[in-house]
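Labels for the chains are A, B, C and D, by order of writing; each one numbers its residues from 1.
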Amino acid sequence: MITSSEYRRRLSKMRRNVYMNGELIDRDDPRLEGGVNRLAKTYDLVAAPEFKEYEDILTATSHLTGEKINRFCHIHRSVADLLAKQKMTRLACHQVGGCIDRCMGIDAINANSVVSYEADQAYGTEYHKRFENWLRDFQENDRMGCCAQTDVKGNRPRRPHEQVDPDLYLRVVETKSDGVVIRGAKVHNSVAPVVEEIVVIPTRRLTKEEGEWAISCAVPADAEGVKLIVSAARQPISKRLGMPGPYVGADSLTVFDDVFVPWERVFLNGEYELGGRVALLFALFHRHSYTGCKPALTDVLTGATALMAECNGIEKQAHVREKLAEMICTSELCYGTGIAAAINAEKSSSGTYIPDIVYCNVSRRHAGVNIYHEFDILADIAGGMPATLPLEGDWLNPETRPFMEKYMMRNPEVPIEDIHRAFRWVQAISCSEAAGVAQYAGVHGGGSPRMEQIAIMASYDVEKTKNIAKRLAGIPVKEKYSFDRFGVMPGER
Amino acid sequence: MITSSEYRRRLSKMRRNVYMNGELIDRDDPRLEGGVNRLAKTYDLVAAPEFKEYEDILTATSHLTGEKINRFCHIHRSVADLLAKQKMTRLACHQVGGCIDRCMGIDAINANSVVSYEADQAYGTEYHKRFENWLRDFQENDRMGCCAQTDVKGNRPRRPHEQVDPDLYLRVVETKSDGVVIRGAKVHNSVAPVVEEIVVIPTRRLTKEEGEWAISCAVPADAEGVKLIVSAARQPISKRLGMPGPYVGADSLTVFDDVFVPWERVFLNGEYELGGRVALLFALFHRHSYTGCKPALTDVLTGATALMAECNGIEKQAHVREKLAEMICTSELCYGTGIAAAINAEKSSSGTYIPDIVYCNVSRRHAGVNIYHEFDILADIAGGMPATLPLEGDWLNPETRPFMEKYMMRNPEVPIEDIHRAFRWVQAISCSEAAGVAQYAGVHGGGSPRMEQIAIMASYDVEKTKNIAKRLAGIPVKEKYSFDRFGVMPGER
Amino acid sequence: MITSSEYRRRLSKMRRNVYMNGELIDRDDPRLEGGVNRLAKTYDLVAAPEFKEYEDILTATSHLTGEKINRFCHIHRSVADLLAKQKMTRLACHQVGGCIDRCMGIDAINANSVVSYEADQAYGTEYHKRFENWLRDFQENDRMGCCAQTDVKGNRPRRPHEQVDPDLYLRVVETKSDGVVIRGAKVHNSVAPVVEEIVVIPTRRLTKEEGEWAISCAVPADAEGVKLIVSAARQPISKRLGMPGPYVGADSLTVFDDVFVPWERVFLNGEYELGGRVALLFALFHRHSYTGCKPALTDVLTGATALMAECNGIEKQAHVREKLAEMICTSELCYGTGIAAAINAEKSSSGTYIPDIVYCNVSRRHAGVNIYHEFDILADIAGGMPATLPLEGDWLNPETRPFMEKYMMRNPEVPIEDIHRAFRWVQAISCSEAAGVAQYAGVHGGGSPRMEQIAIMASYDVEKTKNIAKRLAGIPVKEKYSFDRFGVMPGER
Amino acid sequence: MITSSEYRRRLSKMRRNVYMNGELIDRDDPRLEGGVNRLAKTYDLVAAPEFKEYEDILTATSHLTGEKINRFCHIHRSVADLLAKQKMTRLACHQVGGCIDRCMGIDAINANSVVSYEADQAYGTEYHKRFENWLRDFQENDRMGCCAQTDVKGNRPRRPHEQVDPDLYLRVVETKSDGVVIRGAKVHNSVAPVVEEIVVIPTRRLTKEEGEWAISCAVPADAEGVKLIVSAARQPISKRLGMPGPYVGADSLTVFDDVFVPWERVFLNGEYELGGRVALLFALFHRHSYTGCKPALTDVLTGATALMAECNGIEKQAHVREKLAEMICTSELCYGTGIAAAINAEKSSSGTYIPDIVYCNVSRRHAGVNIYHEFDILADIAGGMPATLPLEGDWLNPETRPFMEKYMMRNPEVPIEDIHRAFRWVQAISCSEAAGVAQYAGVHGGGSPRMEQIAIMASYDVEKTKNIAKRLAGIPVKEKYSFDRFGVMPGER
C-alpha cells in the first residue's frame, strides 16, 4: 500500500491532457486540489495510527495474492466483505464531509470481475484472466481508478445504433491485431482528472446490432487520445481559519479521441448480451456504496444542523429535536437497508458477492428523494447567516473585526471564534457552488430516484403481492403462496 | 403444539367476563370471530402441509425443553431466531391481510425473560425461575397470550404517583403471603378477549416513589376480578362470495378489579428501576415485530392497488408504476432495517437476543408516518367505487344483478365476478370500520412515530455527528473519532 | 322557499324505485336518513333566526323572477355571487360536519345555463328558453336537484363509441316526436336517492361520431325507467348522547333503463362539440364549490384535532400547535385560492359568471392531496382511543359505566361526559364507514388530483414561463413578454 | 421619476462606507453590480415602451402630491393598489429571474405610514407629518430605500433589555435637542449597500422597560457612523454568451456606530407599545410582497424545468408534466392567496390598506416549505449536467469547443448554442453561490415558515373550529356560531 504523497507524486508525473477553462493544466493545479484531497484521504486513513482499530475495515486480504491491500482495491468475496466495504465508505466519507470518491474504482472492478468470468464461461474467451492480471497490478500498486460509464447519449429517445452520430455512445471503431481503438465521450466522469486508471464500461443494455458498443476495458488516464475537459466546484474553505480541505469533486467530460487499448486491458468486446450486465452490475455495486456514503453525508448534515442549533442556543427546542430525528431516520434507513443488501447477497459464479438488488435500490432511492430536504432542514435551523455572512477578509480586517465579534455573539457558552468558524463552514457546505454540486450529486449520482424506481419495478415480484390480495378477496389464484425472497439468513444462500 | 380447534375449544370454556355493547358475552360470540380467526391462523399454519417448507420459520426448538414449539412461544436465542421471527410475522400477516396479533405474547415473554433474570442478579430474587416455570407450561400447551401494557394514564402531564386516583396506573394494592392483589385498567389491550393468558407489565419508567406500580405478572384472562370491556370493528367480508375471514382485531379496556396473582406468576414486584426496563424492552421487541408485520400490511395494500389497477385496465400507466414502486420502497425499507436490527442484536445476560434499538425505531417510525399515505395511494388508483359500491344484497338480487353486471364491466380480460369481488374486498379493507382501526393502529400500535422519535433521540449519539461537523469546521474536539455503532458483522457482538 | 318538512314530505310521496341491499325501499327509509338530514339543513338554515345575519349569503335574487330564492337554486350573475356561493358552502358544511351535498344541483344548473345559451347561438336551437322555463319551476318550488355525470365507462382506454356495449356511456337510443329515450347508467351519483330532479350531463369531451352521447337533460328522480341502486355509509352517531345527525351521503348507481325525456327537459341533444363543454363546465363550477366545502371539512378536522388535544391535556404542546397550523394552512390556501377564482371570473355570453379555471383546479388539487394527511394528524393527536373505544351499550350499562368513567378520565378540567362524547364523535368521523367514504370522496369527489393536474396543464401557458427562462438565459424568444393572465382586478374583466 | 442612469450616478457619489472582504469599496464596485442591476430594472421598466401596457401597474398616483410616481414609492390606498403591487412584483421579478429587491422600501414606508399616524392619535405626537414630509421627497426624487429590521439578537432566549450587551438590539443611546443618536447593528440587511435611504424599525414586540429600543427612522445610507460590511453571491452569468444580468443580491451587516438622526427623520421614538406594531406590520406588508415575488421565482424555476425538459427531449413524458403541474400549483396557490389577502384588506385609520394577515402568512409559509423541493424538481429533470458542465473557457477554446459541440448535442431540434446556454444558465441559478443564497432566502426571507406558523396561530380563531366540532359532538357551546372572518367581498370592509 502506498502513501498519499506517492499518489500525489504519480499524478504530477502524468501526461498533460487535462483542460480547464480554456487552459491545458497539470494534475497538481490548485483547482483540482479538492478532488486530490478526498482521494488522498483513502491512503492516509490506512496509515493513520488513530484509525488502527479500523484496520479490518480499511484493508482486506487479496484473493489473488493473499497480501493485505487497501479495501478500495478488493473484490468482495463474502457477506462480511460487503458489510466492511459499506462501513469503510461511511467512515471515510466522515473524514472529508462527503463523497470519498474512490468507490468508482472498487465498484468498477467488482462488476468486471463477475462479467469477465461469465463471458469466458459463455464464449470461451480469456477476459477473466486478463482482468485478474490487470487487477494484480492494480492491487499491488494501490492504484487509483475511476469508472467511465455515462455516455453523452445524444437524442435520448433513440438507441445507440439509431443516433445520427454513432459516437454519441462510446464504441470500438477499429480492431487491430494487438487491441482495439475506441471513440466517444463519457460525461459526469467523476475524479477522472485525478486518477491513474479509467475503467470504461457500457451505459445500458445493448441489442444485437450494438456489438461495437459492448466494450469494457481499462485505460490509463493519460493515454494518447484521452482528453479530459474538467470542472471543479469552488468551496470557500478557509485555510486561515484552520479548516481541513477543501474536499470537493472534480468532474470530467472525458473524450476518447480514437484511443488504442491493447488486448490485455480489454475485458469485454462485442458480447452485446453482457454489455447490459456489466452496466447494471456496476450500478448495483455503486448503489450499495451509496448505502455507506449517503448516510455519511446525512451524518455531516445532521452534525451541521446540531452545531447550528448549539450556536443559536436552541438545541433543546422540540422542533429542532424532531428535525434531527428525521435526519437520523434517513441515514439509518439507508444504512440499515444496505446491511440487508449485504446479508442477502448472492455469490456469483466468479466468487464475487453481489448485494441484493431490491435493498440497494430502495436505499439509494430513499437517499435521493431526501437530499434537498436535508439541506432545507439545515437552512431552517441555521437561519439566514450562512447566506449573508460577510467575507473572510472582513473578519481579518482590524477595522471591521470588532464589529463582527460584537454583533455575531449568540449562545454565550460558545466562543465567538467557534461561532464564526461554524457559520463559515456551514456556508461552505450549504451555500456555495460545492453545495449545489452535492445536491445534484445527491439526486443523480449512481442513478436518479427514477432509475431506482425502474430497477425496483423490473426486479420485484409485484404479481406475488397481487396474489396475496386475490386470495384474501376470494379470487382464485393458480400459483402456490411463496415467500422466498427476503430475510435470508447469513449462509443460507 | 395444538390445533386451532383446540384453541377455539379452550376459549369457549373460559369464564364469562367479556362485556360488549351492554351485554356479558361468550368468547365464541360471532362479534369476536374476526379476532379468533387471526390467532387461529397461527396454529393452522404450523399444521398446514403447504407451509411445510417454512417449518424452520414457523417453529423453533425450546431452549427450556429441547422440544419443537410454535415460534410464537419462543425466546430468541440467536440472531437467526430474530430473523426467523421477523420472517414468520410477515408470512403469517400475509395470510390474514393484516396483524397476526400473536406478537403481543411473544414480545411480552421475551421482555420478561431478560428482566426477570436481571432482577435476580441485582436483587437476589427468584423471578427468572418462576418465569421459566410458567413459560414451560406456556410453550408445552402452546398457549395464546397477550400483553397488557398501556395504562389509562389519567391526567397525562402527571406521573403515576401524582394522579388524583392512584389506580389510573395499574398497581399492587395489597401484598399477601401467597401473592399480590392488583388494581387498575389497561387500555388498547389487543386480543385480550380471545387469549388465555394476559401478561401485565408497566407502561413507563418509574421513580423510587413508584414501587407499587412496578409489577410484571401473568394473569389468566378469566381470573376473578378481570373484566374485559371490548370492541371489535366491523369488516364487510362476504362469506357468500367466498372471501376468507373476517380478520379483524378485538380490543379491550381490561379492568383489574382487585385481582389476586399468586407468587409463581409474579415476575417483577416493586423493583422500580427495572419497571421502565421491562416497559421499554417490550416496546423494543414489539417494534421489531413491526418490521415484519408492517411490510406485510404494505404488501397487502400494494397487492390491492395492483389488483385495482388491473381491474381498471391501467396497470401499465407510468403514474401507477411509480406509486407501486413507492409502496414497495416503504415495505422494504422497513423490512430491510428490521434485518439490520436483528444482525446488530445484542445478547443479554439471560441469553435472550435484543434487537438494535435504533434500527427498530427508525423502521417503526417510517411505517407509522406512511400508513395513511398508503391508503391514499390505494384510494387514488381504485377510484371511487369502494366508497359507492351497492350492497351485497343488490348483487344477489336477480332484479338488480343484471344491471350491476352490465355496468360494472371494466377491463374486459377480468371476469365480472372477479371485478365485483375485488372492489368488495377493497371496500372491506379500505372503506370500513376495520380500515379506520387499521389506520389508527398503523399510527399508534407499538408506539406512535412521536414515541419512536423520542426513543431515537434518547439512544442516538447526536454528539458524534456534531463532532464530525466540528472537525470539518476546524473547531477543536476533545473526543477521538469513533464509529463503533452500526454495521456490526454477525458474531462480532 | 320551502321548509325541510315540505322537502321530506315530497320525498315520501315519490315513486318507489330505490333498491338497497336487495330490497325496494322508500325514500324515508332510516338508512337514507343521513343523506336527507344533510340536504334538509339547506332549508333549515334559510329559515333559522340565528342565521338571519347570513341572509345575503344564503339567499339570492333570481335573475328570472326577481324573487328571493335559496342561493342553491341561483345562477351566478356576478363575482359577488360566486364569493357568496363559496361562503355559503363553507358555512353550510360546518353545520353538518362535511358535504352539504346540494352543490351538485347548483353546479349543474350553472353549467347548463351557459351551454344551452351557447348552443342556441351556434345552432339556432331553443335550449336556453327551455332551460329557463324549467329553472323557473326549480327556483319557485325550491327543488332539490343533483347531477348525474359520471358514466360507468367500461373499458377505460376506449372511447364511448368504441365500447363493446354502447350503453357504457349514457346515450339517446330513440328520438320521438315529443322527446328522446335515454339508456345507460351513472355511477357515484351522489344524493340521487334523496332528490326530486336529476340533471343528466355528459362525462367527457365527445367526437363527431359521438352525437348520441351528447345529451343534457333533467329527469325526475322517480321517472319511469329510472332505477337507483344505492349505498349509504354507516356512521355511529349517538342520538342517545344528543349528537345531531347522522350526516352521511347516499350514493347511487343510477340506471336509466330506456327513460323517456320530453323536449322541454332537454337542454342539449347531439351537439357533440358542446358535450365536452358542459362536462368541463360542471366540473369547473363543482371545483369552485370545493373551495368552500373542502375548507369546511378541514375546519371540522381541525376542530376535532383541537378538541382531542384539549381532552388529552396537550393543547399547548409545540407539535400540536404546528399540526393545527398546518391544517389551517390547508383550509385557507384552498379557500383563498377560491376567492381568487371568483375575483378572476369571466362573464359568459349567457351572463353567467365562470370562475377562473387555474385557481379552481389548484385549490381542488391541494385539497385532494392533503385529505388523508389530515385524518393522519387527527389520529396522531387523538391517540388510539377512537379505534378501541368500548361500544355505547357499555357506557349505558350500569355494571360497566363506573369503570369507564373512572378509567377514561383525562384532562381534569373536562367533564367525563364531554370526554366520552368527544371520543365517540371522533370515532364516528374518523374510524367508521363514513370516514372511509369521506376519505375516498376527498380524493375523488369533483375529480381526483390527477384530473386537476390534467386540467391545469391544458389551461396553463407553460410556454410563457419557458420564455421567461429563455430570455434570462440569453436564448432568443420571438414572442413579446406578457403577463395578462392573473391578478385581474374586480371589474377589469 | 428618474432613470436607472441617474440612480447609478447617485450611488457613485455617495460617501465610501462599504466594506467588502477587507477593503473599503465604492458603490460602483463590480462585485455589487448584481444588486445594482436588480434595482435599476425598477426604473427601466417604467421607462420601457414595451411595458407601456403595464403603466397602471408599474406606476401610481401619489396621495400626497397627485403626481404620477413609481409604484414602489407608493402608499396603498385601496384594494386595487394592493393587487397592483402584487402584480407589479411578479412582473418585475420575471425580468431579473428572482427578487426585485425594491419591496423592502415600499413595505417599510407603508408600515410607517400606518404607525406614525396611530402614534399621533394616541400620544399627540407629530410623527405622521414628519413622515409625510420625508415621503414627499422620497416620492418626488424616486429614491431607492431599504428596511433595516433584523437585529443581531445575541442570546436568543433573552429579551432586548436582558442582553449582556444592550446594543445587540439597536437602540437610542442619546437624545439631543435636534434629534437622537442610535447604536446597534442590523443583519441580513438586503440591498443596503446599493440604496440611498435606510428605514430603521424594531425587530419585535417590546415591553415597557424597552422604550429605548422603540425607534423608527430614516437614515441616509452613507450617514456619518453607518458602516456596511457586505457580501454578494457570485453567479456565473456569461456576458460573452449574451445573458442579461447578473442579478444577485447584496447583503449587509449594517453597523450604526452612534449615528445621529435629526427629528424630521424620526417616526417613532420610545412608544414601546407601537414598536411591535411597526415590526409586525412591516412583516405583513413584506409577506404580501412575497405573494408576488415567490410565484415569480417559481415561474422562473418552472420555466427552467420546462427548458431542461425541452433540451433533453422529454417534454411529453408523464412524470415531467406531473412535476411541472406541481410547480404551477405552488406558484398559483401562493399568488391566489395573495389576491385573497388584498381583497380582504382592512383600511387603517391612516387610510393605508393592510392586507389580511392569515392569507399573507399561509401564502408565505407555503412558499417557504416548498422552495428546496422546487430546486429538487429542476435538478431531477435537468440531469447532472448543471453540476459537471465544463467551464466557459473550454467552450471558447477552439481546441475543446468541437468536442463540446459534438458531445453535448441532445434534442436535435434545439441548436447546440441554445443547449449550451440553457445548461450554463441553469447552472448559474441552481448550482452556484447565488443558488444557495436563493434557497436560504426562500426559507428565511420575510420570516421563516416557523414565523408564519406563529403568526397564524396568534391570529386565527382555533376556538371557533373547536366549537364547530363540539356542536357536532353534542357538547354544549356557549358562543353562537359565527363565520365572519373570511370571504369578505370588495367594499364590504
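Observations
Throughout what follows, contacts are C-beta pairs under 8 Å (C-beta built on N, C-alpha and C of every residue); 3 or more make two chains touch, one makes a residue touch a chain.
Just so it is clear, the structure is predicted and the values come from calculations on it, not from any experiment.
Following the contact convention of this document, A, B is the list of chains adjacent to both chain C and chain D. Set side by side, B-D and A-D show the greater C-beta contact count at A-D.
Over half of the residue numbers at the chain B-chain C interface are used by both copies of the sequence.
If you average the Cα atoms of chain B and of chain D, the two centres end up 52 Å apart.
Computed centre separation for the pair chain A/chain D is 39 angstrom, with centres defined by C-alpha atoms.
In chain C, the residues touching two or more other chains are 319, 322. Put simply, chain A touches chain D in their complex at residues 19-23, 152-157, 164-165, 167-168, 185, 187-188, 227, 229-231, 233, 251-253, 255, 257, 312-314, 319, 371-373, 375-376, 379-380, 382-394, 396-397, 399-400, 403-404, 406-412, 427, 430-433, 435-437, 439-441, 443-445, 448-450. Remark: chain B residues 317-319, 322 touch chain D in the complex. Remark: chain D residues 50, 54, 79-80, 83-84, 86-87, 90-91, 94-95, 97, 238, 241-245, 299-300, 302-304, 306-307, 310, 321-322, 324-325, 328-329, 332-333, 335-337, 339-341, 343-344, 358-359, 362-363, 365-366, 418, 421-422, 424-426, 429, 453, 456-457, 460, 462-475, 480-481, 483, 486-487, 489-490 touch chain C in the complex.
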